[in-house]
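There are structures below to look over.
Shared between the two complexes below is chain A, which has chain B as its partner in the first and chain C in the second.
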Partner chain A sequence: MKKILQLSLGIITSVGGFLEIGSVTTAAQAGAQFGYKLLWAILLGTLCLIFLIEMSGRLAAVSKHTIVDAIRERFGFPFFFFVLLGTVLVAFMVLVAELGGIGFALQILTGIRFPWWALPVSFVVWLLMWKGTFSLIENGASLLGLVTVSFVVAALRLNPDWTSAASGLLPTLPDDDKSKYWFLAVSILGASISPYLTFFYSSGAIEDKWDRTYLPINRVIAAFGMTFGGLLSMAVLIVAALALRPKGIQVETFQQAALMMTTALPKWGFYLFALSMLFACFGAALEISLAISYFFSQGFGWNWSEDVEPSSDARFAFVYTLIIGFAAVPLMFGVDPIKITMMSMALTSATLPLAIVPFLFLMNDPIYLGKHRNGWISNTVVGVVILISFVLAVVSIPLEIMGG
Partner chain B sequence: MKRLLFATVILLVSCKPPTPAEQMDAILSWVGSAIVLGNGWLRHTTPDTYTRQTLTLSHDQLRQIGAELLKSPPATIDSTELDGALTRSGTHLARMAQLVEARNSPGFNQVLDSLELDQKALKQLSDKIESSQ
Partner chain C sequence: MHLVRDVLDKKLMDREDCPMGRVGGLVMHVGESGPPRVTHILVGGPTLWMRIHPALGRLSSALGQMWGPRRKEPAKIPWSRVETVGREVKLDVEGKDTGALDWEIWVARHIIEHIPGGGSEEEE
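So, the complex of A and B:
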């Protein structure tokens, strides 16, 4: 009974915690500019994420190691440090974007500009980290994030042509603006396959004391939770394609993004959008702060757990205190969260091999996984998607930067 | 060597500023946003502060992108006509923001109708630019 409850909660929290500033912004921009043409990128990213999440839970349940623990142990500290630099830098940018997303949600609700929210929002995030427990952060924020299901309601209300939508699941090139198309594809992949999610998930499995009996639960949570989450991202893209594209509206700011929901759900759309952004970004900010602290603490061999008093793992608490504080600074100076979001999502794609390739090696190591190591399907799907994301990122990021 | 040349060409092409067609798309995007927003405000589905701030943002963006576009207007269109359409749209956006503050729905509705006419004029100009490229 306890496991069934955990299973249901796991799926619900995966769905509620799936959307964040990156997935909303990239999907909205894609839908507004290219209609359904980039649905395939969400499908590909979600498929890869299902495998990665399942793998990270399996590693923790079987080997009792988090990903970071195992990378450091298997590859040594110098290599781990290299992975840490790349991954944490990108995760930090994503954290800035998430805090900015909360600030923007509060701006459109209150009229007070987002730089003014940077400090109060960061303080609340920090306070929850300081006082909260792992399950509060994992479940509380994600349950609030269920408001993002309103995007599915909005998509259904707009009555999409399902045949056209289905055709978007296969890649097709647009007639013009191809560099923007590829940049958006890369950003969508980066938003879907966020390595911090795998670090967070494997650390959570250790915090929740998973063992081999959790393997079936892990598989179901990964498959259903991520599939439903991917459907939410697709719903955002569909709403933007139907509500914004016919009117020629591109999503350059959050103010414009909010319009997609006011078209689909006139009465409540605006508030549902604002609350969706608020809760989704809040949950993601907590998860990323935790993931970065896990990364440092597990890598350097410090005490770590969100379930103990900060005095018992002072260095763990110090890391999130420091990074949340630093993340507020660019926002206080008015740096545009949407620009940071797009760039950090694309950079996530570019740095995926750094975090995921060592992880793939671990998942094939009999010392860690024994008979539970990866089969060829997991290796092929993850390997191919990571390769595609990396190549597209390396080609499209310079084009986008220099194209302005 | 061929690869190096190809990379250089790609970089040079990508360094170019936005084309007039892209600038017109951005202008139409902001005008379209203001129209959707305006209709929402008239239906009482968007709050006053958000509506006013977004209309002001649309106005500022329109002026900025329009000024860039008018520095070197495309030869295929009459720049006076473009300037006129941009000025009228900008004035209407600024007026709409004021009317939201005054909560003057009838007046707002009238200006919104005028903005929709501006949108048509800008769309025609945009089509001309696009067909010439």
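So, the complex of A and C:
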């Protein structure tokens, strides 16, 4: 009974915690500019994420190691340090973007501009980390995040042509603006395959003391949670394609994005969008702050748990205090969160091999996983998607920077 | 036992099962006669940074003497205190007495405890 409860909770939290500023902005831009054409990128990213999440849960349940523990032990400090540097820098940019997303949502709701929200928002995120427990953060934030299901309601109300939507699941070349198309594809892949999610998930499995009996639950949570999550991203893209594209609105600002829900839900759309972004970005900001602190603490062997008093894991608490404080600074100076989002999502794609390739090696290591190591299907799916994301990122990021 | 695979970078646990960092380095004694043997486990910044570049090790050591707990020597734990080597390296020591937790205690006392709700490290 307890496991069924955990299973349902696991799926609900995965769905509620799936959307964040990255997935919404990239899917909205893609739908507004290219219609259904980029749905394949969400499908590919989600497929890869299903495998990665299953793998990170399996590693924790079988070897009792988080991904970071295992990378440090297996590859040594010098290699670990470069993984830490790349991953944490990109995750920090994503944190800035999420805090900006909360600020933007509040700007829509109150009319007060987002730089003014940077400090209060960061303070509330920090306070929840300081006082809250792991399950409060994971379950509370994700339950609130379920308001993002309103994107599915909006998509259904717009009566999409399902045949042409389905044709978007196969990659096709656009007629014009090819560099933007590929940059968006890369950003969508980066938004879907966020490495911080896998760190967060494996740390959660350790905090919840998973063992081998959790392997079936892990598989179901990964498959269903991420599939439903991916469907939410697709719903955002479909809504943008049907509501914004015909009017020629491109998502350069948050206010433009907020218009996407008003066609389907004229009365509530605007506020539902703001609330969805508020809760989704809030949950993501908490998860990323935790993931960065976990990364340092596990890598250096410090005491870490979100469930004890801060002074009992002082360095863990110090890391999130510092990074949340730093993340508020660019926003106070008015740095555009949408620009940071797009760049950090593309950079996530570019740096994916840094964290995921050693992770793949670990998943094939009999010392850690014994008979539960990866089969050829997981290796191939993850390997191929990471390679595609990396190559596309290396080609399209310079083009995007030069082009605009 | 393979020292690099099974010991280096493994998590260190004290006798109360409190994490006290990871194995940063190992000290070996090579004598005139007999095989070389491991004498100490090293923990802490300078040893780690040295593994990336000696200059980083020196920098870390210099900074460490200006800031924080200002420890002159890296924390050294005699190999004789190792109880088991498995998923973790279990030691028969009190973590706080080895110097490996100096930074943890320093951050707790100088920063975390001054923030309301931070709790007290002494209560442990």
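As a convention for this text, the second predicted complex is superposed on the first by the 404 of 404 C-alpha atoms of A that agree within 3 Å, B and C clash if a C-alpha of one lies under 4 Å from a C-alpha of the other, contacts with A are read in each partner's own complex, and residues count from 1 in each chain.
By our rule, a residue touches a chain if its C-beta (ideal position, glycine included) is under 8 Å from a C-beta of that chain, and two chains touch if they have at least 3 such contacts.
Note that this is a predicted model, so its numbers are computed, not measured.
Peer 1: First (chain B), second (chain C), both or neither: which does A:Ile108 touch?
Peer 2: Once the two structures are laid over each other on A, A:Ile108 reaches chain B alone.
Peer 1: State whether A:Trp130 touches chain B only (first), chain C only (second), both chains, or neither.
Peer 2: A:Trp130: touches chain C, not chain B.
Peer 1: Looking at the overlay, does A:Pro398 come into contact with chain B only (first), chain C only (second), both, or neither?
Peer 2: A:Pro398 contacts chain B only, not chain C.
Peer 1: Touching A:Lys64, do we find chain B (first), chain C (second), both, or neither?
Peer 2: second
Peer 1: Does chain B (first) or chain C (second) touch A:Ser312, or do both, or does neither?
Peer 2: In the superposition, A:Ser312 contacts chain C only.
Peer 1: Could you tell me if A:Pro78 is touching chain B, chain C, both of them or neither one (first, second, both, neither)?
Peer 2: A:Pro78 sits against chain C, while chain B stays out of touch.
Peer 1: Quick check on the superposed pair: does A:Thr253 touch chain B, chain C, both, or neither? Answer first, second, both or neither.
Peer 2: first
Peer 1: Which positions of chain A sit in both the chain B and the chain C interface?
Peer 2: Residues common to the chain A contacts of chain C and of chain B do not exist here, since the sets are disjoint.
Peer 1: Contact residues on chain C for chain A in the complex?
Peer 2: Chain C residues touching chain A: 4, 8-12, 18-22, 24, 48, 51-52, 87, 103-105, 107-108, 111-113, 115, 117-121, 123-124.
Peer 1: What part of chain B is in contact with chain A in the complex they form?
Peer 2: The contact residues of chain B facing chain A are 10-11, 14-18, 25-26, 28-29, 32-33, 35-37, 40, 43, 45-47, 49-50, 53-54, 57, 123.
Peer 1: So in the complex, the part of chain A that touches chain C is made up of which residues?
Peer 2: 63-65, 69, 72-73, 76-78, 80-81, 130-131, 300-303, 309-312, 314-315, 317-318, 321
Peer 1: Contact residues on chain A for chain B in the complex?
Peer 2: Counting only chain A, the residues touching chain B are 108-111, 179, 247-250, 252-253, 255-256, 258-259, 262-263, 266-267, 269-270, 398-399, 402-404.
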